[in-house]
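Mind looking over this structure? Questions follow.
Going by the order they are written in, the chains are A, B, C, D and E; count residues from 1 in each one.
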Amino acid sequence: MWTWFHKLSSPPHFYRLSASLIPWFGWLAAAFLIVSLYGGLVTAPADYQQGDGFRIIYVHVPAAMLSLFIYMFMATAAAIGVIWRMKLAHAVAVACAPIGASVTFLALATGSIWGKPMWGTWWAWDARLTSELILLFLYLGYMGLRSAIDDTNRADRASAILALVGVVNVPIVHYSVTWWNSLHQGSTLLKKGGPALPPDMALPLFGMIIGFMCFFGAVALTRVKREVLVREQNSKWVKDMVTSK
Amino acid sequence: MQTPGLVDSALALLVRDLKLGYRRLGELANPLVFFLVVATLFPLATSPEKELLMEIGPGIVWVAALLSSVLALDTLYRSDMDDGTLEQMALSPQPLAWLLLIKTIAHWLVSGLPLVILAPLVAQAFFLPADAMPAMVASLALGTPTLSLIGSIGAALTAGLRRGGALVAMLVLPLSMPILIFGARATDLAMDGLDVTGPLNLLAAIMFLALSLGPIAAAAAIRVSLD
Amino acid sequence: MQTPGLVDSALALLVRDLKLGYRRLGELANPLVFFLVVATLFPLATSPEKELLMEIGPGIVWVAALLSSVLALDTLYRSDMDDGTLEQMALSPQPLAWLLLIKTIAHWLVSGLPLVILAPLVAQAFFLPADAMPAMVASLALGTPTLSLIGSIGAALTAGLRRGGALVAMLVLPLSMPILIFGARATDLAMDGLDVTGPLNLLAAIMFLALSLGPIAAAAAIRVSLD
Amino acid sequence: MKFTESSFKGRNLTLWRGDRCLFQNLGFTLGNSEWMHVMGGNGSGKTTLLRVLCGLSMAESGDILWNDRRIDRSRFDYHSSMIYMGHLEGLKGDMNPEENLRFHYQLRDKQAGERIEMAIERMGLQRCRTLSCRYLSAGQRRRAALARFLVSQATLWILDEPFANLDVKGRELVEEIVSEHLEKGGMAILAAHHDMQISSGTEVPVELS
Amino acid sequence: MKFTESSFKGRNLTLWRGDRCLFQNLGFTLGNSEWMHVMGGNGSGKTTLLRVLCGLSMAESGDILWNDRRIDRSRFDYHSSMIYMGHLEGLKGDMNPEENLRFHYQLRDKQAGERIEMAIERMGLQRCRTLSCRYLSAGQRRRAALARFLVSQATLWILDEPFANLDVKGRELVEEIVSEHLEKGGMAILAAHHDMQISSGTEVPVELS
């Protein structure tokens, strides 16, 4: 276990590993997304209340879930980076932040597009919506703090602390619908006793979620690869690699 | 040589910070003045109608409290950082998190406590019913220390950077939004004659969480800033 | 040796200050995010009802204006004072008042202008009617420079005399109150479909007064601070 | 008073700043009555090394041991037995030298009170003891910071360019004080461009480039 | 290049700080190729005197004359022909040395551009020319501030402890630069605790106590 951990944390090894993993994630994402989109947009029946408008769920829910997942992932990486002083983990956290911010923005945008017909307003100051907005601010704050510190080492550690502090917001986003009576609808997918959706609606949704995850994997690995290269630009293995090309 | 205990060192630091705050009367007045300006601006900017003022009163008090505590943040560690006293504190045998907690408390005494004391005055100006006053003061008393504690993390993260201002606010405000929501909610409930223990308990819980975790995060951040 | 003219030196200083404000392109987003965060605080603290938000909207925008000009004030001269660049500026052949005016303009470009540009967005979120928008933007465009200019005098006084804070508040507040009142009045009038030229003319007049006297007062204050 | 036997060791210290290696595999051992003279031109990394030795900065790799325990694992022990002065004096401009000194020791040593008087006198600060530090001259500020060492009973002294801004008498005074400290069995680490006339103790030179 | 004939005079300068008289009825005359050596222990008032001579502080009484005109009456003239470096370097931490130097001369001299390159090289700052000044070492910051003098074509140089934080080579460099300046007919006012080896020009000693 430890040797594996150590091996993974060596930049050249990670670089090669990620280079071989990216295509896998990429193709899996493409496959899942295409199939589920077809399932969601074509074969799934229209909702008896909302008609075809509900189909935005296939973007909104995966994006919203991913926004939370990426934050946890980023914070975990940052924690590993701080505790074990592993630079690679910091590189992972850095690479995740912009993706997380974009996905959060996507969730907010699709949510408000959906909210207009459903609630009659683009935006309401409701617990779920607000905490999701705070999540976006946290991502932006993370990136803002990084950009304000020019020394990578220092920026890594400072922004990691911020990411860890921000973790308190994640359960608030997730449980906001349970803790406060909210405009936003409650948990339907991960409810006890199975999802409260008919299978031909739910299956494509799960497919989309997996597809989004794989897409995140591919983009994140690509960004980490780039980040590692920039950080290790003076090291021997990068120079060897560049000159051997 | 006999190292002073936690209480001795805390007292010394508290006295020093209060003394410095008192010597710089101006800095002490800033958050206060700002608080009053924000509060008086609203009747001027909107309209002096009683119903409206009553409705926005608690919210305004809270926003003013939040903004003025953020405003004062810049001075929390910056000056100690610039003249090297913070690095001397980090090299003392006392735990850094403890020292930062004391500094934050001193900061709250200078910037938060006056707000708690002044709030009834402002609330009066906003025609807040007298029954709601205790709830509002209680919510401020429980909420503003948390604001200072969260702010202290932000200030610690940006202590080494020259352009703190907007960045600190950007880091701190999102995290302090829940306090604002619960604080204003408590006063709202009290105005409607409802039970306020719910939000007050929550504020207290958050305060204790912030008390236990905030200084540790701030200490870690200061060590990074000093590097 | 050929001493650069007023325009050359002004351009150089402007570019420097803007560069320091936005060392990285990403930092351009900072005031934007900050303003949005501040704007979100109010509905959170009061209530998200449309009528209420509509009524307090202009007030909120003006509070944010005051806040961002006060928040950034401390950095206006303090950092140049602490690292000695201000004393080098005072020793340059360029008139000090001119240099300070340029610095104030740079400060407004960083802290005031984004506000003027973003105000319609925030106003939208507060359901402000579209007809009132031009008046509001105009009032901000005329009012925020004055806030910066008045603030610059205060900042100059406190730059060296660290205990002059109370003095600044006393100097800055009475002077900036009228701006806030007229600014918010203009928007209010426009919302009711009335003529806004009165307050706007007044704002313009105050701005020109501040433009001509502010830098001279600030330069005198800086010379005292440097002594 | 004699200091108890202690040791201060560095092993394999390496530090990069940007794309520049300040020191690599640096090692040293310091025992009682030994002083380390850190030499090197401007920008060679003396200040950075001293901050690493204090525990303010972290080296990329390598260990620093106080009495054979890593300093980041025994912070209390280490920081109780060391004292540091860097380029920044660590004086509050709104407090006078005496208040500054007193506060410094309120976090460190309960019994320092009596020695503070003596330290102010010996550093030649009698005339400005009640003057806010912001009005002090550069050399007077330096002296106020150095007064800490006179009060201190720490074993390890770390001084970064103690001579900067001092006049001739001031410099002699510092050499005298350090010599006395070494005589009592203390250790010192000094970064300085000048030659130092330290009359006792053994010099351990470290050259950075 | 030779400097035109100029004169710098002080007459009856008196200054009190608090209850302390720093100097009283101080007078001096400085002509081309002369340099004033301001001496005195810590806190004797050297920095204060230099700031008065710059026009940053005001003396209680007395006049300072540049080419026989009071400096507060001919600010443009005087400030066009002098350059000052104090205890504070006047560098922005967020800009690199080159940007700092360039900005300094954008307010003073349109034609300084070409000389900036040379100045950076001569001060030994090639390696850190693109590094933000906040990351520079104390000596490198000092060098960056001194680079201004190499670019300058001002007649009167005022330097407050130019040697602080510099290494041996740096100190020799400063002496060299000042000597060259004096050879060209410039004037200099230096406050320093060290002995200075200025190989040309005439020394005008001023002792404060």
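Just so we're on the same page, a residue touches a chain if its C-beta (ideal position, glycine included) is under 8 Å from a C-beta of that chain, and two chains touch if they have at least 3 such contacts.
Quick caveat, the model's predicted, so the values are computed rather than measured.
Chemist: Please name the chain that ends up farthest from chain B once chain centres are defined by their CA atoms averaged.
Modeler: The most remote chain is E.
Chemist: Could you tell me which two chains share the largest number of C-beta contact pairs?
Modeler: Greatest number of C-beta pairs in contact occurs for B-C.
Chemist: Using mean CA coordinates as chain centres, what's the chain B-chain C distance in Å?
Modeler: 25
Chemist: How far is the middle of chain A from the middle of chain B, if each middle is the mean of its Cα atoms, in Å?
Modeler: 33
Chemist: Nearest whole angstrom, what separates the Cα centre of chain C from the Cα centre of chain E?
Modeler: Going by mean C-alpha positions, chain C sits 36 Å from chain E.
Chemist: Could you grab the centroid distance between chain A and chain D? Build each centroid from C-alpha atoms only and quote it in angstrom.
Modeler: For chain A versus chain D, the centre distance works out to 48 Å.
Chemist: At which residue positions does chain C touch at least two other chains?
Modeler: Touching at least two other chains: 20, 27, 30, 33, 37, 40, 44, 47, 82, 162.
Chemist: In chain A, what residues contact two or more other chains?
Modeler: Residue numbers touching two or more other chains: 130, 137, 140, 144, 148, 151.
Chemist: Which residues does chain D have that touch at least 2 chains other than itself?
Modeler: 18, 93-94
Chemist: Could you list, by residue number, the parts of chain C that touch chain B in their complex?
Modeler: Interface residues on the chain C side: 20-21, 27, 30-31, 33-34, 37-38, 40-42, 44-47, 52, 55-56, 58-59, 62-63, 66-68, 70-72, 74-75, 79, 82, 158, 162-169, 173, 177, 180-181, 184, 188.
Chemist: Quick check: in the complex, which residue numbers of chain D touch chain E?
Modeler: The touching residues are 17-18, 20, 40-47, 87, 124, 127-128, 131, 135-140, 142-143, 161, 164-170, 193.
Chemist: Going by the contact rule set out above, which residues of chain C touch chain A in the complex?
Modeler: Against chain A, chain C makes touches at 24, 26-27, 29-30, 33, 37, 40, 43-44, 47-48, 125.
Chemist: Contact residues on chain D for chain B in the complex?
Modeler: 54-58, 75-76, 79-80, 82-84, 86, 88-95, 103-104, 106-111, 153-154
Chemist: Which residues of chain A touch chain C in the complex?
Modeler: My answer: residues 123-126, 130, 133, 137, 140, 143-144, 147-148.
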